[in-house]
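I'd like to ask you about the structure that follows.
Which chain is which? They are A, B, C and D, in the order written, and residues in each are numbered from 1.
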Amino acid sequence: MFLKGRARLALVALGWLMGAFLLAPTLIVFPIGLNDSRFVVMPDSLSALSLRHVTNVLTEPTWLTGVRDSLIVAVSTAILSTVIGVAFSIGVWRVKARWTMALTAILVAPMIVPPIISAVALYHMWTAIGLYDTWIGVILAHTIVAAPYSALTVSASLALLDPRLEQASRSLGASRLRTVADVILPNIKGGVAAGALFAFIMSWDELVLTLFVANRVVYTLPRKMWDGIRENVDPSVAAISALLVLLTISVLAITHFLKSTDPVRQSH
Amino acid sequence: MTVSRRTGHAVAIQSLCKSFGAVRALDDVSLEIPAGEFISLLGPSGSGKSTLLMAVAGFVDCQEGRILVNGQDITRVPAERRSLGVVFQGYALFPHMTVAENVAYPLKLRGVSKSDIARRVDTVLDLVKLRGMGDRKPRQLSGGQQQRVALARAFVFEPGIVLLDEPLSALDKQLRSELQFELKGLHGRLGTTFINVTHDQEEAMAMSDRVAVLKDGTLMQVATPREIYELPNSRFVAEFVGHAAFLDGTVAATSEDRFVLESGQYQFPIPDTGRLRAGDEASLVLRPERLQLVDRSSPEVRPSIPGTIIGSAFLGPQCVHVVQTDFGALKVSMPSSGRSNGLDSQKDVAVVWEPDAAIVLPRYA
Amino acid sequence: MTVSRRTGHAVAIQSLCKSFGAVRALDDVSLEIPAGEFISLLGPSGSGKSTLLMAVAGFVDCQEGRILVNGQDITRVPAERRSLGVVFQGYALFPHMTVAENVAYPLKLRGVSKSDIARRVDTVLDLVKLRGMGDRKPRQLSGGQQQRVALARAFVFEPGIVLLDEPLSALDKQLRSELQFELKGLHGRLGTTFINVTHDQEEAMAMSDRVAVLKDGTLMQVATPREIYELPNSRFVAEFVGHAAFLDGTVAATSEDRFVLESGQYQFPIPDTGRLRAGDEASLVLRPERLQLVDRSSPEVRPSIPGTIIGSAFLGPQCVHVVQTDFGALKVSMPSSGRSNGLDSQKDVAVVWEPDAAIVLPRYA
Amino acid sequence: MFLKGRARLALVALGWLMGAFLLAPTLIVFPIGLNDSRFVVMPDSLSALSLRHVTNVLTEPTWLTGVRDSLIVAVSTAILSTVIGVAFSIGVWRVKARWTMALTAILVAPMIVPPIISAVALYHMWTAIGLYDTWIGVILAHTIVAAPYSALTVSASLALLDPRLEQASRSLGASRLRTVADVILPNIKGGVAAGALFAFIMSWDELVLTLFVANRVVYTLPRKMWDGIRENVDPSVAAISALLVLLTISVLAITHFLKSTDPVRQSH
């Protein structure tokens, strides 16, 4: 029993160490971004903390246009991805068994292709058809990457939906379309909202694709950070990173809350 | 309770066949269900009973055969145009709607006016004893109440036929037997045709006018509960609708109109041979509650088999004794009302029965 | 079958308490189980019966109380050192091991030699009628066979106590009643102490020496099956172990030693008042199979209540009639052997019973 | 019914269109990579197809060292991630309910932080402690990104494991550690292998992190592609992309197969 207590302590310690290891890159941006120094260093005391870089980021116009462009792209991507994701997953849910494997493959394929390859391919396609460095081109490129995640999130909600709900609705006299509107969508609305937020985050974070399919017209925040780092390493990047981490965590918390409001989930 | 007594619709199922891959879920099933009947489709899992119900509901497309309602072919009519009330396994209530909204939904789809909807929903909620529950969500209700909402939703648009897919299987034992009587009463009041699917023989017998027993996609027997239990047409039906012991032997004639079953050293009288003739292989079916135990030494004119009690169990209303005999272990069920039956384990006894309490079956039926 | 008859261990549960947050799963439960007894913990879901079993098994830590095995306190002994055989709900067979490997696992952990393992696995597989199945994987077996493997694995290291968590609940009706007798037989042969958890009153009564009825974490009654059924100590037990109707009234004395229950215009004789005195509120408990139906006009000396038949059901061995009376709907269960009972719906009848067939209970027990 | 047939046709067509849209960036690399031309264009006839660029990629030394470096990093990352993922998820599975939320948050946090931020943060950390452009530095960076995915995959397998299996094992006399070795691991081996493959793919595809934490010592394939594109646009990149897509699909198929061999899954 004594050894067991020790072994347990060692295991718990190891667990926290792993947690710290996984969280390190997320957390390190906070001290750097809140440092009073002009250089990228850790603050050496609590008094060296300041919001100087945060204020800088929030007032400088090039950061703000980055935020604006990112917002436009991310919101459009979220809407488009959600429409595609919902249509796709309700279709798959209906067809069931026979085509599921093939359809899942279509869904997963773009998720596993190395981003650099998608980026190269889209660069070629978009220049060929004149979508290079256009709003529509960037939004479509982001949607191609984000839509599968929306679809998977909606599918996960649908998988929890009793297929007999659809049968019940039809037995009561509702057509297939009416059933989608009256019964299916209201019961997966949490999953749909979560999928939209997921697509938003994907687009908001996206860098590699954007580097390839956009240039000057569309200038997103990650790109601005990328260029900012390459031009001169300043703590503003850490500051905006810290802001973004906070934003992302808030969005995730909302997602989690939305998902838990699905009536289907609650009744389980 | 102003629910009008309606006349149910008649259903005719004609040579229905359905395969899932290599599995034959329905194998040439034909069944006539007169208007207003309460019929139960009874069988073990995989017998095709649910497939048959879902074919009538319109959710299973059959490769061959037709389904008629009041003489009209509905085989190709989509589910939403069949106007059948369906009570699904697990109820399939819409979790995002209140009880009243659930029940109102079929009326809303039919363009009934708001005031009419409110009135009819109230009436039907009264009928299923859920007055005042209209504003709750399904998940706030108990299992028995949810089941009643599902019934209300299936009845409210006054369909001529109501299909029930294991409507009571999710409920616990006590509640189940209570709702069996309620469901039967509801059927009596409404006059609608009820088609009920169950794997529980007691439930099927308790509620139905007729029981259709299925096995491997084939209809084995369609008859009243009493016929199914007392005159099963096959070993499968005899075993499935209650406990049964089988004595196998050969039919022999002792005189012009008296037949016995010969099995080893035993000869048992046969009440009614039906189509059997001397020389045929046959089995006697014995129900535990039609057997009695007597002292082995006492004289006995009834058919009897000697044996030894190897186990006894008190089950409340009855005691069951297991007797080891030359025909294997036989179960004998006796009322438990006497304080002690003086029947201990290891006791030598004889199992006896009234000649007409045995059922005779061709051996390989 | 060279399994040695072993003597089981005695279990003493002393003032056990367990709360999950605000829910009291076990509320001061004390229970003495003599060596070699087959006891069933019976109750609805949430009654704490599984929590109690898992506390004995070592998977639930209790806040208060002790558990003794043969007088030794095991309350703080980890599960793997308790050497109890446990048959889990759903069996919990190791899916990656064969049947023989599953059964051999506890022996392997105890460092038994390979040849001894092989011999003992064979013996115990014989015992549960699975000879020759050793090389199969659990998923290749039927539900009943899997259940037998779980039993074999729990028995093979000869524990003094075997815990069974709803061992039959995953099986279908027919198989369940068969395995009840097998399990009881196995218990008789091995002499091990069996503690069985079930929510099925028939199963508990069929198998057990004693039944412990639980409700909301409290022990309601511990007694033999016959006592539980015929002398329930509370309304809850009376209702849970079988169908029961309750006639509520006030005890009155008609002479020194004769008591009646007065209820409105009715007076019913009370067989044995126990601790009740004149003026106490009490209930008579009536079991459906102890009631009879007679013509209302025929003279009757037995206690009787007039009523009207509102429903009848043929259930195979018995017919159940529901009679509407001043005390609500009473169920009367009669043997179905007579071809027709002449009892139709809407018929006016009287429900009668032998005075000593009624059970008397204090009203609020 | 006629309209319904038409509506159905329109829906099916829309479905395929969406599928094509999602698959486009994956598929376009094949014609480009198999083109006979020196430039990045679509082949204009079947006869213009050749394996020229494929052969080029498979023989040129700088591509091959890229493959070697990527393999070293990806295999090490897969091993490390799997060890962390298994330890982490068995720990979480044991503890259950109470800590699950917090532990899941630790797991998910690194997954949602924009890669560019992780990259910047790790760049600062690694230069500070001397891990910049070292094998161990790159492997640790990749592991931070990949381990959460391994842990999630193993957790998904564990979620299907009947917790009574552990209780059964202990009731038969096995200690907790013995139970992990004899009962838990054999029943989730498919999930563990899938998690390892998942981590492998993550690392194999990784670009942004590698751009920041490596330079010359560790020179992975995606980085070589990145530099290749920036130096001169040649169809070799498309050719290697095509090869990678094929490889990834094979790996995914194997993963799927492995997952389906879990005894627990099979018995469901």
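Operating definition for what follows: contacts are C-beta pairs under 8 Å (C-beta built on N, C-alpha and C of every residue); 3 or more make two chains touch, one makes a residue touch a chain.
Since the structure is predicted, the reported quantities are computational estimates derived from the model, not experimental observations.
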{"item": "Computed distance of Cα centres, chain C from chain A, in Å", "value": "54"}
{"item": "For chain B paired with chain C, centre-to-centre distance based on mean C-alpha positions, whole Å", "value": "26"}
{"item": "Residues of chain A whose C-beta touches two or more other chains", "value": "none"}
{"item": "Residues within chain C bordering two or more other chains", "value": "none"}
{"item": "Chain-level touch network, classified as line, ring, star, complete or other", "value": "ring"}
{"item": "Touching pairs among all chains present in the structure", "value": "A-B, A-D, B-C, C-D"}
{"item": "Chain A-touching residues of chain D, taken from the complex the two chains share", "value": "11, 14-15, 18-19, 21-26, 28-29, 32, 40, 84, 87-88, 91, 103, 106-110, 112-118, 120-122, 124-125, 144, 147-148, 201, 204-205, 207-208, 222, 225-226, 229, 237-238, 241, 244-245, 248-249, 252"}
{"item": "Residue numbers on chain A that touch chain B, as the complex places them", "value": "162, 164-165, 167-175, 178, 182-183, 186-187, 263-264, 266-267"}
{"item": "Contact footprint of chain A on chain B as seen in their complex", "value": "57-59, 78-86, 88-90, 92-96, 105-106, 109-110, 137-139, 153-154, 157"}
{"item": "Chain C partner contacts - residues on chain B that touch it in the complex", "value": "44, 172-174, 177, 180-181, 184-185, 199-202, 205-207, 225-226, 229, 239-243, 287-290, 310-311, 313-318, 320, 322, 333, 335-337, 357"}
